[in-house]
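Shared between the two complexes below is chain A, which has chain B as its partner in the first and chain C in the second.
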Partner chain A sequence: MKRAVFPNRLLPYLLVLPQIAVTGVFFFWPALESVRLSVFRTSPFGDKSFFVGLENFRKLLTSSEYYSSIVNSFLFAFGVTAIGLGAGLLVAALATQKIRGLAAYRTAVLWPYGIAPPIAGIIFLFIFHPSYGALPYWLSFVTSYEFNWLLKGWVAMALVIVATAWTHVGYNIAFFLAGLLAIPASVLEAASVDGAGAIRRFRSIIFPLLSPITFYLLVVNLIFSFFGSFGVIHAVTQGGPGRATEIMVFKVYNDGLIGLNLGSSAAQSVLLMLVVIALTAIQFRFVEKRVTYS
Partner chain B sequence: MSADGAAVASARVDALPRVAAARRGRTFDWGTVVVHALLILCVAVIAFPLYYAFVISTQTVPEVLGRPPLLRPSGHMLENYAAAWQRSNMARLLLNSAVVAIASALGKIAISMLSAFAIVYFNFRGKSVAFWMIFVTLMLPVEVRIMSTYEVIGSIGWLNSYAGLTIPLMASATATFLFRQFYMTVPNELVEAAQLDGVGPLRFLWAFLLPLSWANIAALFVVLFIFGWNQYLWPLMITNTETMRVVVIGLQDLIPRTGTHVPEWNVMMAAAMMALLPPVAVILFMQRWFVKGLIESEK
Partner chain C sequence: MKRWACAVAVVAAALVVGPTESLAKTEISFWHAMGGQLGDTVNELVKQFNHSQAEYEVKALNKGTYPEVLTGAIAAYRQKNPPHIVQMFDVGTQTMLLSGAIHPIFQLMKEQEIAINWGDFIKPVTGYYSKDGNLYSMPFNSSSPILYYNKDAFKKAGLPDKPPATWKEVGEFSKKIIAAGGAKCGFTTSWPSWTMLENTFPWHDQPFATNQNGYTGLDTKLLINGEFGVKHIGQLAAWQKEGVYSYGGRMGQPDPKFINGDCAMLIQSSAVIGGFKKSLKFEWATGQLPHWGAPYKKQNTIVGGGTLWVMKGHKGADDKGVAQFMRFIAEPHQQMWWSVTTGYVPVTQTAIKNLEAGYHFKKNPEQWTALSQLSAKPTPNSLGHRLGNFVQIREAIEGELENVFAGKKTAKEGLDAAVAKGNDILKEFAAASAQ
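Let's turn to the complex of A and B:
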């Protein structure tokens, strides 16, 4: 704890003022406004509004479209997280075997993190392109099934999931590498002296020691893919075909800014807020634990 | 830094058995070969989409559409990049993205340094409220306050302006926590000595803390630059003129949507390569800072 402090009275307020001003005007006010709007029904031009209580929420929770956007959001988030964590752990585990070139391999897998998911989406849009893309062409030798994302919802979902996971795998690798390198070599050597093979060592020693990082990455990846996924959907599929890739965040935007249904959009915002609060709470409970135990 | 330090340490540990093996007369280790082969395969899978995009960006339209897909570069790179540059007003798009990325990163760093300084080095009424307010921003990503934030920006008159594109992004709980964490590791003796010498708080921040913070600032800058460059929903909402678009949004005008255009995927990919090059180059050239920033800003 820091005990030495400066005695100034006014200065600390001036120092936190910029942060608090930005936070207040662009975070708190809009958030409260969302909560307020969620209990009103507003006409598309914003000239009239009526208090409707929880009507907007009731409508949402009884609408099958909203349920399908929830299901899509979870499908998307779990898909991105599963691929990102699986591939990240695989590459990190391979790179920390006793081989040369760790730094070079890390560089070689880290850079996709710099690519914005919508741009990744455009690249995969071409790779998946039903008439010109390489993937449907190669798959056509294996099966006659038509991998056309414009017609088949699950192909569209696979496209946006793979594109998003691609940009995020480097992040997971960086964290897994840091975690793996922090495991003392002596522990692993002791295990191999005792006759534990590579797979046994991974299962009994490495994986348990990595579990805090894995859990952390799980939550971060879920948050990222739940909320950071708007761009790739907007740029590539626009929620289609049908509503197969309409995730919750995209629906808030579409119903609000395009459909001008302000009340419903605000109610959706409030529900999303509850999701992000829950996820952040889980994340920070875990951080607290990690701090106390280490 | 911890990752790099550990990498160096483990490389040293690894060197010993290797030297021993080499002395024993170059035993050929199949395990190592398999690990390298698998890693190279992983790298190839990860690199393929970008390689493919690059290859497409060097081909003519008939080459792009030809079957089987041509997986090696062709000789039309310059004309495709020139076409993409002109058609999408690329110079302006890149400028806007650079302004957003640099200004929002620097702004976040400055604002966060100041508020972390206030929280660590002063006692003031409402300190915990300020801390709590900053913390809660983590739970209010733009996605959950789309409509009302749009209205706020509109009522201030910041639509289609650099102020609107950058200032609302400048609140950052993670950057504030990083600086707070760092300031707490600065020994108390430094502050006490400075105070004995009659150094005031602002001078202490400027002449003592700032020089100690460069590594953190560089690391944060790299991560925040990439974050700013790749912003999507925010600029989409608050800009609707061509001159204020950022590149991630502007290049979409070039997507050949099925059935409506000549499928000029080569020009599209050329534009995509130009849009993704700056952040990827920043990661590659500032990798050490990037990894540090990534890992430390999450603590």
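Let's turn to the complex of A and C:
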């Protein structure tokens, strides 16, 4: 990489200052505030607050509910990421075919990303509701199994995973599409001439060339699932039935803003922060080595 | 979506107020959790008040669900900009009482020299919201859970046109209706913890928690995993398996099962009467919350719904406007109109007497059902519940009920787990409040 040389020693700092300031105010300050809150026990209105050390953490780490929310988080994050990336790549590949009305299709496949997660949640709620949704009715009709996610935990989990992946798939498609279009046609043609079939071309040429984008999307999808995927669960299952869809970030919200247990909520967000930091570090350390850039 | 709702509410409020109002009026902000038909009724009430005098302008704002109203009010209070009036539900009572952020209503009225006959309010209401014999918040929307039944489904099964009085009858009627093709399921229950435990316990004069359901101390423990609780929830779980009972989720989520005719009966707050009158496409009527009969005594149910709390942190001059609005709300005329329009019970003796004099309850028997459950003199078991962090406790209970109804746990195991979690939450609240 080329090193940029600035004539003035202060200028580079000045140039990054706005970004540092934004990061500081909107990321580091709240994060430090969470760390501070996590060692206090605070009454709902914040009028009484006293230092409890690591008590909030001890309580969390000895509660089975917290462990189940961790398991749910990983299930959810890997589910959303796998479906989101798989479907994204598939649709992007289809959108590179030479078909009539391609521009219209390409625009249309990006639409889900423009829908706010709570709205997506409401849409899925209407489609899947055990009382008035169409899909459980048809599914039960065909399979004679009752898809009642109000009581069946795994159905509820599958539902929120699919719905969340759907809201995010447009983003993945956009990146995959850009990546696919950047692959020179001449390389693929050369491979065809050498007798490589579609699968072989994908495995040996397309996939390696897509790996930087895939890696980027993997990280973004996982972090999004851990941290940001809140709207759908809030709109559809509220963490139920019996905590089956209570992922860590939802529990942070629920215990803090609904339960008004601010200390525990802050402690959970600190732990969640650690999980995401660890996850990102692992990904960059092990996965990135196998990614081919340029 | 919530932001949307807020925006819509703001616009709606602006339209209601109209552009010609002068700016000299003192604004009184009023945050509430009433949506749909109930929200329209609140707006109408506020409009009437604003037109009744020239000094104050009450701005009603729907801030979402009750927990969202509470969270919003707390955030606003901590930023030193709280709304004047906050509508809070029954289970938020303890949190509000101990918050140090409220101006008790009895005190406000005394300061403003507005005479209110506090003795006129019905006992189950004053019992729930009073401390040391004084009302701390203004009773507004009080309801109790009742049974709704689909007359067409009953007719189809050859049942007489009367609601089941006992749980035994609920089971029998349900089976007959399902067999006759009157409905797919017998009954469903909205607000599962509130209807099936919080009300069913006092209705049978059973203690819900120690310390007289939390009234006499903070070191309270839940008592719902005793013989009575296990019997009741165990029966529901058995009925769920047979299809007699159909669990439909939390809050008002199960309502559609009744509205679309899937279930022949629904146990839900009396507050939905107004909405049902407009929307139900079949003949329906109401009955009291079912009872298990002997050896249990029939006591009273408790009130749910909300009251209006006055928040601290305003100019003293605003107090007068707040007090005037509160007096307006408590007047028999408004009481009666609110109750008749919504299905919430009238909360003063005067309002009830006036309605009786006009044969209102004879003509609208469904509006008498909830009141009839509230008429007995409350015992320590049936005065109400005063539990800290009740929202979280309710959630712990409902999560475990779902495990029981899904067949993952027995009634005893589920209720034991709910009690263990609930007691943890109570301990945490006591520790945070008692410093």
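Methods note: the second predicted complex is superposed on the first by the 231 of 294 C-alpha atoms of A that agree within 3 Å, B and C clash if a C-alpha of one lies under 4 Å from a C-alpha of the other, contacts with A are read in each partner's own complex, and residues count from 1 in each chain.
FYI, a contact is a pair of C-beta atoms (placed from the backbone, for glycine too) under 8 Å apart; a residue touches a chain by one contact, two chains touch by 3 or more.
Computed from a predicted structure; not experimentally measured.
In the superposed pair of complexes, A:Gly259 makes contact with chain C only, with no contact to chain B. In the superposition on chain A, contact of A:Arg41 is made with chain C only, not with chain B.
In the superposition on chain A, contact of A:Ala235 is made with both chain B and chain C. In the superposition on chain A, contact of A:Ala116 is made with both chain B and chain C. Of the two partner chains placed around the shared chain by superposition, chain C is the only one that A:Arg243 touches, whereas chain B remains out of contact.
When chain B and chain C are set side by side, the one touching more residues of chain A is B.
In the superposition on chain A, A:Phe50 makes contact with chain C only, not with chain B. Looking at the shared chain after the overlay, A:Leu150 reaches both chain B and chain C. In the superposed model, A:Tyr132 lies in contact with both chain B and chain C. Overlap of the chain B and chain C interfaces on chain A comprises residues 116, 118-119, 122, 129, 131-132, 150, 235, 257. Contact residues on chain B toward chain A in their complex (touch as defined above): 2-3, 6-7, 10-11, 13-14, 17-18, 31-32, 35-36, 38-39, 42-43, 46-47, 49-50, 52-53, 56, 64-65, 67-69, 71, 110-112, 114-115, 117-124, 126-127, 130, 133-134, 136-141, 143-152, 167-168, 170-171, 176, 183-184, 188, 191-192, 195, 200-202, 204, 226, 229-230, 232-233, 236-237, 248-249, 251-252, 255, 258, 263, 265, 268-269, 272, 275-276, 279-284, 287, 290-291, 294-295, 298-299. On the side of chain A, the complex with chain C involves touching residues 41-48, 50, 65, 116, 118-119, 122, 129-132, 150-153, 235, 238, 240-243, 254-255, 257-261, 264.
Within the complex, the chain C residues that touch chain A are 1-2, 67, 70-71, 74, 77-78, 95, 98-101, 247-250, 253-254, 256-257, 260, 262, 389, 391-392, 395, 398-400, 402-403, 405-406, 408, 421, 425, 428, 431-433, 435. Across the interface of their complex, chain B is touched by residues 2-6, 8-9, 11-13, 15-16, 18-20, 22-31, 33-34, 37, 87, 90-91, 94-103, 105-120, 122-127, 129, 131-134, 137, 150, 166, 169, 171, 174-175, 177-178, 181-182, 185, 216, 220, 227, 230-231, 234-235, 249, 252-253, 256-257, 262, 265-266, 269-270, 272-273, 276-277, 280, 287 of chain A.
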